[in-house]
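Next, two complexes with chain A in common: one pairs it with chain B, the other with chain C.
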Partner chain A sequence: MNEVNLEEYKIKGYYPTIGIECHVQLKSKTKLFSSVSNDAIGAKPNTLISHICFGLPGALPVLNKEVVRLSSIAAFALGTKPQKFSKFDRKHYFYPDLPKGYQITQLDQPIILGGRVTVSLEDGTTQTINITRAHIEEDAGKSTHPSGADYSLVDLNRAGTPLLEIVSEPEIHSAKQAKAYAKELWLIMKYAGVSDVNLFHGNMRFDVNVSVSKDPKKLGTRSETKNLNSFKSVERAVDYEIKRQIDLLEKGKNIAQETRGWIDDKQKTVGQRSKEDANDYRYFPDPDIPPVTISDQYINDIKRNMPILLGKWRDKLQKQGLNYLQIEALLESNIEFNANFLSLIADSSKEVAEVYTNWILNIEIPLRHKQIESKEPLEITASTRKAIFAGIHELIQQGQLSSNNARLMIIFLLKSSKIPDDFKELAQKLGYIQMSDIGELESLVDQIIKKNPTAVEEVRSGEKKVIGFLVGQVMKESKGQANPAVVKTIITRKIETHES
Partner chain B sequence: MQKILTTKDVIALAQLAHIKLSPSQIVQYQKELSEILKYMELLNDVDTRELLPTSQVTGLENVVREDEVQEQLVTPSQLLDGVPRSRDGFIQVKRML
Partner chain C sequence: MAPSTEKGQWPLLSTLSQQVHEGRVKSVDLINRSLQAIRDLDPEYKVVIATCSRRALKRAKQIDSDIRNGRTVGLLAGVPFIAKDNILTLGAETTAASNILKGFNSPYQATVIEKLEAEGAICVAKANLDAFAHGSSTENSDFFTTKNPYDKTRVPGGSSGGSAAAVALKMVPFALGTDTGGSVRLPASFCGVVGYKPTYGLVSRSGIVAMASSTDVVGLLTSTVQDSASILDIISGPDKLDSTTISRDPKAYTDIKMNIKNKKIGVVKEYLGEGLDKQVKKTTKLNIEKLKNAGATIQEVSLPTLPLALAVYYVIVPAELSSNLSRYDGQRYGYSYKEAKSLDESYLESRSRGFGDEAKRRIMIGTHVLSSGYYDAYYKKAQTVRTLLINEFNSAFKKYDFLVGPTAPSVAFKIGQNINNPLAMYLMDIMTVSANLTGIPSISVPGGSVNGLPVGFQIMAPQHKDRDLLAMALSYQELRG
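Entry: the complex of A and B
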């Protein structure tokens, strides 16, 4: 493990310590204990429910096999392996979104113990945060509180959705690190393929435990800020809590051990309930759910069939010579299509990888966002993209396409999602082919030289930069179809030899 | 008889169970619950040194199902019919916040 220099993180004489719990919604088709669809996005309230979600007397919950498999994959993604024995417990509390009066979770023998997440910060340093544990549990329902009404409304579609709660050791010491950890965990789960990781829909929710202390060896009283659903709010809530707690202590006041909520509009946390008086959850083993044991063979099968994980993708992209920002931008871009283009880049030559990376980051991704906004999302398969990119790249190599026309043609082809039979023919039809015909270009250059005598004089007197201006004029005149490299050669020759 | 629970314990338990107790009931339950706990102390006489912690007694393990949507015994609308109050498909409850 890397040595952490706590002095670096000291603020006004206080050492901040942060631990993060993250609820990851696992992407099974059905709920954790009931064969009801898990896809609550856009569903009408209380349509994805069963006697089990309602906790009716006599209902018998039965564990979803897929959840054990997804959790086992998550274990490897977190740098450990699943526990061969794990069990389920009841955690009791009363709330209208929890009809049973208890949540089924894993207390002392969870599916995952240990693991680690290594985060890299903008300054290039890395830090390893150890994972204490991760356990399977069911989500509660969703409640809304219409303003002005004397009632609340409960929707139980989400009740019983499988979650994996990942608990970090209190080894985080700044708001920046907290944000980096949250983001890294998001990427890890995304590439492990165990969750849809859609933050907007609450597929990953973070709870941050923050405390400050003057003694680096002793932890202060902590507050827990719950249900943060963006990396930015994780960073800001931690920042806010550190400052709030230091202010209180400086005024000689005590920190209350409590649960707080983040109010995004006001960018602050507010106290919700005191933790001590509700802390007796009366856990006991759930008699309805027999323990889970998995064999060595099961574990080995999971390991053998693991997808390419985050770290491996980073290595592959680094080997292609891409820089940190390019790699992170590719990795973070939207989930539905990214794995496709990552292999395209990873499997190309270095030179082509650089070109394709630029096309994806600067052409395809902005286009995708635009198309999603106008409700016409791109539907492109990995093989179609591969063929389009290869065809365009060949035309560029042959000097037939300028980079701007290449961009226009890529947009055209991605939108139509078709591979043309003949790229050159299509480019000609669209008017994108570069003029490399010397005769045609020469007369164009002659026109421009005649129109710009001052610029020509400047070039002759040594202002070589002005050639760029003349090339630009020719490009404009040709409506972008001239080959700029050829144009430059012709202009230089004509001016130097006084041809025109 | 010696009381195992304090009145404070009883009040805390009542809060966790969401029930209101009158002062006389607190005294009554302090006595009754203490007697029950006292009786359960019989268990302390059992020698458990050779036993492993047990969380289940059925001997079952890995009772799991496939991840497939199945038709349910009770339909969502039947379930909703059974709640005391509903509104626009939601379950209506006393204001929480």
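Entry: the complex of A and C
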């Protein structure tokens, strides 16, 4: 492991220490302990519930095997392997969105112990953050408190959704690192395929534990800011807490050990619960759920069938000569199962990889976002994309398509989601084929030179950049079908030789 | 003798079912016979919380018509039964005899009920119990106390007191109970019927209002051992709604013939010691003599950890039930204090008013033993002793096929006698709790009487040996004649 130089992180004489707990919603079809759909997005309140989610008398939890499988995959993604023995415990507290009066979680024998996440910062340095543990637990329902109303509303659709809570060691020392860790964890889970990782829908939520201390060997009293759902809010909340705590200590005040919330509008944290009010959760092993034991064979099967993980994709894309920003942009894009287009790029020649990367980043991704906004999302299979890209690329190679027309044609084809029988024929029909016929172009150039004597004079007197204006006029006249490189050559030749 | 309906004894379930199948007896008549018996006897004995007559008669008519039309019907087609009111059923409220669940209509049924209904059995009523099955007399019912069929001034035992009394009063051929620490066997002993607690996990707990998850078992109250076997054959086996269920014996539980000769039987020394009523002791010894005379090898066996079993039980069980009762919070179903001005007040008042004294006592004990700082001293230590107990039973069963002893330290006690003495009440469970803590099957079979009051004889077998236990119990029943 790399040695951390704490001095680098010192602020006003204080060493900040941060540990992060992250709740990852696992994407099993059904809930953790009942056979009810786990996909609550768009569902009406309290429609995805069973006697188990509702906490009716006599309802018993039955563990969803898929959750154990997804957690085992997550273990490998975090650089460790699942525990052969783990068990479930009850954590008691009363709240209307917790129907049984206890949450089922894993206290002392979780499915994952250990693991690590290596984050790279913008300055090119890397740091490894160790994972203490990750445990499976059920989510609670959702409470809403309409303002001004004398009631609250509870939606139990989310009650019983499986979560994997990943707990880091307190080895993070700055807000930037905290953000980088959160983002890296998000990418790891995304490529492990264990979660939909949709931050907007709360698929990953971060709790940050922050403390500051003048003594690098001793931790200060920590605050825990809960339920952060963006990387930016992780960064800002940590930043805010470090400053708030240093200010308090500088004024000779104490830090309260408490739970805080992040108020996004005001960009600040506020105290919610102090330790004195903390519940005694009265944990004990859940007698309704037998402990989970998994065999070596089970673990090996999981290992053998692992998807391509984040680190491997980075290597593959680097080998294709893509730069850091391109690679991260591709990895972070959240438009579909990225492995589809990542393998297209990874499996192409270096030169094609560069072209495809540009198309995906600059054409497909913006288009997809636009289509989603207008509620007409694109549905492109990996093979359709591959065929479209290959067809267009061939036309460009043949000099038939300008880069702008290539863009228009890609958009047209992605939207229609069809592979044309003949790309060239379609391009002609759409009027995208470049005019490279010298004879035709020459007469066009002659017309433009005649119409723009002043510009021509300027070029002759050395204002070379005015050629661009003339090229533009020819392009306009040809309705974009002229090959601009050829047009430029012709114009230059004609003006220099006084041909017209 | 306990009073009963004018028709007296029900035939064996196997006989009854044959009569129905052959069309000699109509299901509607059986249901009406049960409902009439309830109407006749319930005002005096207070056995039943509610009847499910509409649903029961509708189902009976359907079965009769199926039989008339030659359709296949289930093994227990048309046979009435009563379910303890902590077992979720359609057709009537399920209250667990508690105010907090009063008015609760379950949208689903317990797996045991579903399995029995699939074989055509018909639930006619819900029986009284100590609220949430907390007790040994039904005096902790939030509604009323059931009277012992042999002496109306005495308790029927508990917590399945209503179910035991219903069978003793011949209201139905069988009743379902639950046994968390003796709740089926103790009332069986007090009411002179068979009370059988299967191996933990052999019968699904899905749809049973949970008391203590690690010891709760659905149990049976019947007039004969054969009937218990017939029902176990239907209700046992794995359930995808309860992950603690285990697979059943591949052979039918009704296939039980056993020669007592040369069977090795251990008489549990600790059960015959201090605290046991002299007359009950005498009766128990007579029963042991009978087994000896029939050729069984009888030896006294000591299980030194046994005196700690009750203490262990009253740590682990309250811990689990305090957790299981958390869901009764007045927010979604059941009693809710409507005048509450805040969430905290709603919790506090709904639970304070909705739970009876015994539930509150046990919630407090359970909450205490699980509190941080006390967990190790109570809950963890109790689990350690529980493991010791399991080991002792395991080694005893290496030497003996069965262990025997009395079911309860006395005959049925007077109503009110122990009501202000929770400890004396808890001591009633002293001979039954071990089977629950160790998960082994145990049965109480009528074993004589003292001053006209029934005395039960308890037989225990190793885990999963339910067939052997029922066979042994049947041999013993036949021995008694």
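For this structure, a couple of remarks:
Going forward, the second predicted complex is superposed on the first by the 472 of 500 C-alpha atoms of A that agree within 3 Å, B and C clash if a C-alpha of one lies under 4 Å from a C-alpha of the other, contacts with A are read in each partner's own complex, and residues count from 1 in each chain.
Basically, contacts are C-beta pairs under 8 Å (C-beta built on N, C-alpha and C of every residue); 3 or more make two chains touch, one makes a residue touch a chain.
All values reported here derive from a predicted model rather than from experimental measurement.
Shared-chain residue A:Y151: touches chain B; no touch with chain C. When the two structures are aligned on the shared chain, A:L63 is found in touch with chain B and with chain C.
Chain A has more of its residues touched by B than by the other of chain B and chain C. After overlaying the two complexes on the shared chain, residue contacts for A:P291 are found with chain B alone; chain C is out of touch.
In the superposition on chain A, A:D280 makes contact with both chain B and chain C.
By the touch criterion stated above, A:K100 is placed in contact with chain C alone, chain B being left untouched. Shared-chain residue A:R90: touches chain C; no touch with chain B. Shared-chain residue A:H51: touches chain B and chain C both. Shared contact residues on chain A (touching chain B in one structure, chain C in the other): 51, 54, 56, 62-63, 92, 94, 96, 152, 154, 280, 282, 287, 289-290. Contact residues of chain A toward chain C in the complex are 51, 54-63, 90, 92, 94, 96, 99-102, 152, 154, 280, 282-284, 286-290.
Contact residues of chain C toward chain A in the complex are 88, 94, 96, 101, 104, 106-108, 110, 205-210, 212-214, 240-244, 319-320, 322-323, 325-327, 329, 331-333, 343, 347, 367, 370-372, 375, 379.
Contact residues of chain A toward chain B in the complex are 28-30, 35-37, 44-51, 54, 56, 62-68, 87, 92-96, 143-145, 149-156, 277-278, 280, 282, 285, 287, 289-293. Chain B meets chain A in the complex at residues 12, 15-18, 55-56, 58, 60-70, 72-74, 76, 79-80, 82, 85-97.
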